[in-house]
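Have a look at this one before I ask anything.
Chain naming follows the written order as A, B, C and D, and within any one chain the residues start at number 1.
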Amino acid sequence: MLEELKKEVYEANMELPRRGLITYTWGNVSGIDRESGYFVIKPSGVDYDALSPDDMVVMDLDGNKIEGRYKPSSDTATHIELYKKYEEIGGIVHTHSPEAVAWAQAGRDIPLYGTTHADYFFGPIPCARNLTPEEIDEAYEKNTGLVIIETFETRGIKPMYTPAVLCANHGPFTWGKDAAEAVHNAVVLEEVAKMARNTELINPKVKPAPDCIKEKHFYRKHGANAYYGQN
Amino acid sequence: MLEELKKEVYEANMELPRRGLITYTWGNVSGIDRESGYFVIKPSGVDYDALSPDDMVVMDLDGNKIEGRYKPSSDTATHIELYKKYEEIGGIVHTHSPEAVAWAQAGRDIPLYGTTHADYFFGPIPCARNLTPEEIDEAYEKNTGLVIIETFETRGIKPMYTPAVLCANHGPFTWGKDAAEAVHNAVVLEEVAKMARNTELINPKVKPAPDCIKEKHFYRKHGANAYYGQN
Amino acid sequence: MLEELKKEVYEANMELPRRGLITYTWGNVSGIDRESGYFVIKPSGVDYDALSPDDMVVMDLDGNKIEGRYKPSSDTATHIELYKKYEEIGGIVHTHSPEAVAWAQAGRDIPLYGTTHADYFFGPIPCARNLTPEEIDEAYEKNTGLVIIETFETRGIKPMYTPAVLCANHGPFTWGKDAAEAVHNAVVLEEVAKMARNTELINPKVKPAPDCIKEKHFYRKHGANAYYGQN
Amino acid sequence: MLEELKKEVYEANMELPRRGLITYTWGNVSGIDRESGYFVIKPSGVDYDALSPDDMVVMDLDGNKIEGRYKPSSDTATHIELYKKYEEIGGIVHTHSPEAVAWAQAGRDIPLYGTTHADYFFGPIPCARNLTPEEIDEAYEKNTGLVIIETFETRGIKPMYTPAVLCANHGPFTWGKDAAEAVHNAVVLEEVAKMARNTELINPKVKPAPDCIKEKHFYRKHGANAYYGQN
């Protein structure tokens, strides 16, 4: 069942330790098959060394396990909310990558300071608010997803233009058209977070990059007039 | 004698350089067999490359060497005090891992800034006070253990809820139910120390994470209602 | 055609990920054959793992593709302006190496703080101004080259004495007598940028190194009286 | 001639890139045979990949080449002054390791903040003053050695108790009883420099560690009452 997607999601999960984003089991990747409405996600707390494509868990968007011998990631309910709200999302990643976590713990958006950021994210990486004690008690992981959505909706951010968020005092989620692209964005986010930290250390009064640079670089890689790469 | 434990402790010691926590011989891991009351510890100042399970030294809790051709770690007396006071501790690690050492040298607790920390430590990582000149002269390593205990007792910290400490101007000790878990906690401490440093650089006015987040994440992984992982 | 140069440029490109300067496809190296007036450059957005010498694109200085099945790097027009203006330049590199990018995003020259810098660069690494919206709209990559030239000309910096520049809110370009030397300078720039950041963290009131040190070290390695190395 | 010493010095040189202290050819190690008065040093500007024990250059303390097909390190005259002044020194290292260079460029001693430092260096790592323009012109490398000696003599520092120095705006030299120990001390210095930088970032008002800690840890490893290790 969904063998191809399981392989893709497995490969995307294994890319996380290869890229240095993961300590122990601190991360998860999922990918969705929009036709069936099922998605595939990493099992909870299983060592990366021990994973195989067959260990991936198949879920539906109501949170029912469709197939798999393991329990799905404890963050599954967050993935579900994002998939339900945003049809364009095909893959989701959560990590505790240290540079992005530092911004999340600091409770700050990552400002857009340059073209490395603008090549992938059309504006600051937003930092979503903390959940209230009631939201945590009621349904922590589901409400984490809803607070991410609240952040994008109230601030008018397009999720496919800025495919990343920081959850305050927690860490980053990223997404993309599929699991591989979501991981790619997680790698870029970590690099951008590190560059932004060092930028502020070098110049504490630095301002974000001008909008014309943001627009030039984003549209050089994205949309109808893109001319980066071979397409 | 205690062949299985020697292998466990040997493997736990070898994990330190693999995880990048160790320069030269700057660290030691021990594990205890509570039935016999004997514990197994790394020899002092021997290269990791040259170690084998048979080189591990067997000691009793009075500091007598029971078996082994080498002298035990110079920090053995610190391990003894912790094993004697806290029955739940099954393994202990000491390193000079650089991020944790920086907090120890700074003389500060590591504040709980997020879920990465709360997944493992139920509150700040305490920084134990310096020893007095008299305590150093009298019995440096033993008194290091006693000052760690003093820190946990006077501050009312449960050692299995916060299995790590910083010794001022020195470095970290961590522990766990066995040697492998103690090493796991040493790895997490180093990651948490790095994240906390960068968090404060990004936001010098940052406050610790709310208690509701601390409690949610700690109890998601620990205790009767834990639901992280496959158990 | 230009088989030897293609191999050189290919090798110089492959050195970038080996030296840790590159994430994904974020960089490009070119080298020029001054006799024919043709230069060879990496194709746009192709994975380093998939590259071969034959994938290198041959261009002329008017921006015409002479040979190659791929589109050239999107930064090709920047390379062209530098080759046209400065006859001594034989190879050019662009990266998003994180330490140099942090200075570019901070909008600051890298001060000459010591001999590591002075061994390669005869003064601060200049940070070129941002392009205006009109310059971006008209011809972004070409005007990037022209703003680099403007920086060197108005400030009286000799490009072969200081073979590196930071483009504000973007990142570094370096060059040299050939592609390999340009990459060498990119590696040194990254190291110098990191050292300079840490120097200012350790001493926020630090001043640049005295001119006598700059001159001693630069001329120890460069020019008629050089005595470093085996020549 | 001096085949054993050449091998030792070759191995000590090769340890520098393995330990991550070296970019390109930015470093050199020497070792001395006190009986003959000859010392062996790395050739100038030769790639580490291309070195063999036979490439090491044999010199006398008057600066005459005794054997070797290469020119010796451009820093040879600095090594000579240290060997002539301090009979106990058996090996010397110079690097541009980035954390130590940052302190040298900042023009600051590295304060003794903890036991990692005190295990090897009995007090702050001194930062030697800049050379005057006249000293540079007259004999740069020789005078670098003389200024290091001036630093130790005027401040009353014992070179075998604190076997390291920072040359202002330049970088570190370390030494030891032989070439291998000198490299060991270069590795420790880099680690200590990084820890000290981060210590100050975490606590800008931090004070050096108490003398009783310095003395306890130094004498635990050094001198007649040492009890660290297997001797």
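Basically, a residue touches a chain if its C-beta (ideal position, glycine included) is under 8 Å from a C-beta of that chain, and two chains touch if they have at least 3 such contacts.
Just so we're on the same page, UniProt names per chain: A, B, C, D = L-ribulose-5-phosphate 4-epimerase.
Keep in mind it's a predicted model, so treat the numbers as computed, not measured.
*Asks:* Just how many steps, at minimum, does a route from chain B to chain D need if it may pass only between touching chains?
*Replies:* The distance in steps between these two chains is 1.
*Asks:* Do the two copies chain C and chain D share over half of their interface residue numbers, or under half; same or different?
*Replies:* different
*Asks:* Rounded to a multiple of 5, how large is the rotation, in degrees, that superposes the C-alpha trace of chain A on chain C?
*Replies:* 90
*Asks:* Determine the centre-to-centre distance between chain C and chain D, using the mean Cα coordinates as centres, and give it in whole Å.
*Replies:* 33
*Asks:* Counting only Cα atoms for the centres, state how far chain B is from chain C in Å.
*Replies:* 46
*Asks:* If I count partner chains per residue in chain A, which residues reach a count of at least 2?
*Replies:* Expected reply: 200-201.
*Asks:* Graph of touching chains, which shape: line, ring, star, complete, other?
*Replies:* ring
*Asks:* Which two-chain combinations touch?
*Replies:* All touching pairs, sorted by chain label, are A-B, A-C, B-D, C-D.
*Asks:* Mind listing the chain C positions that touch chain A in their complex?
*Replies:* Those in contact with chain A are residues 23-24, 26, 43-46, 70-71, 74, 96, 98-99, 101-108, 130-133, 136, 140, 169-171, 197, 200-201.
*Asks:* Okay, in this complex, where on chain C does chain D touch?
*Replies:* It is residues 113-116, 184, 187-188, 191, 194-196, 198-203, 206, 209-210, 212-213, 216, 220, 227-230 of chain C that touch chain D.
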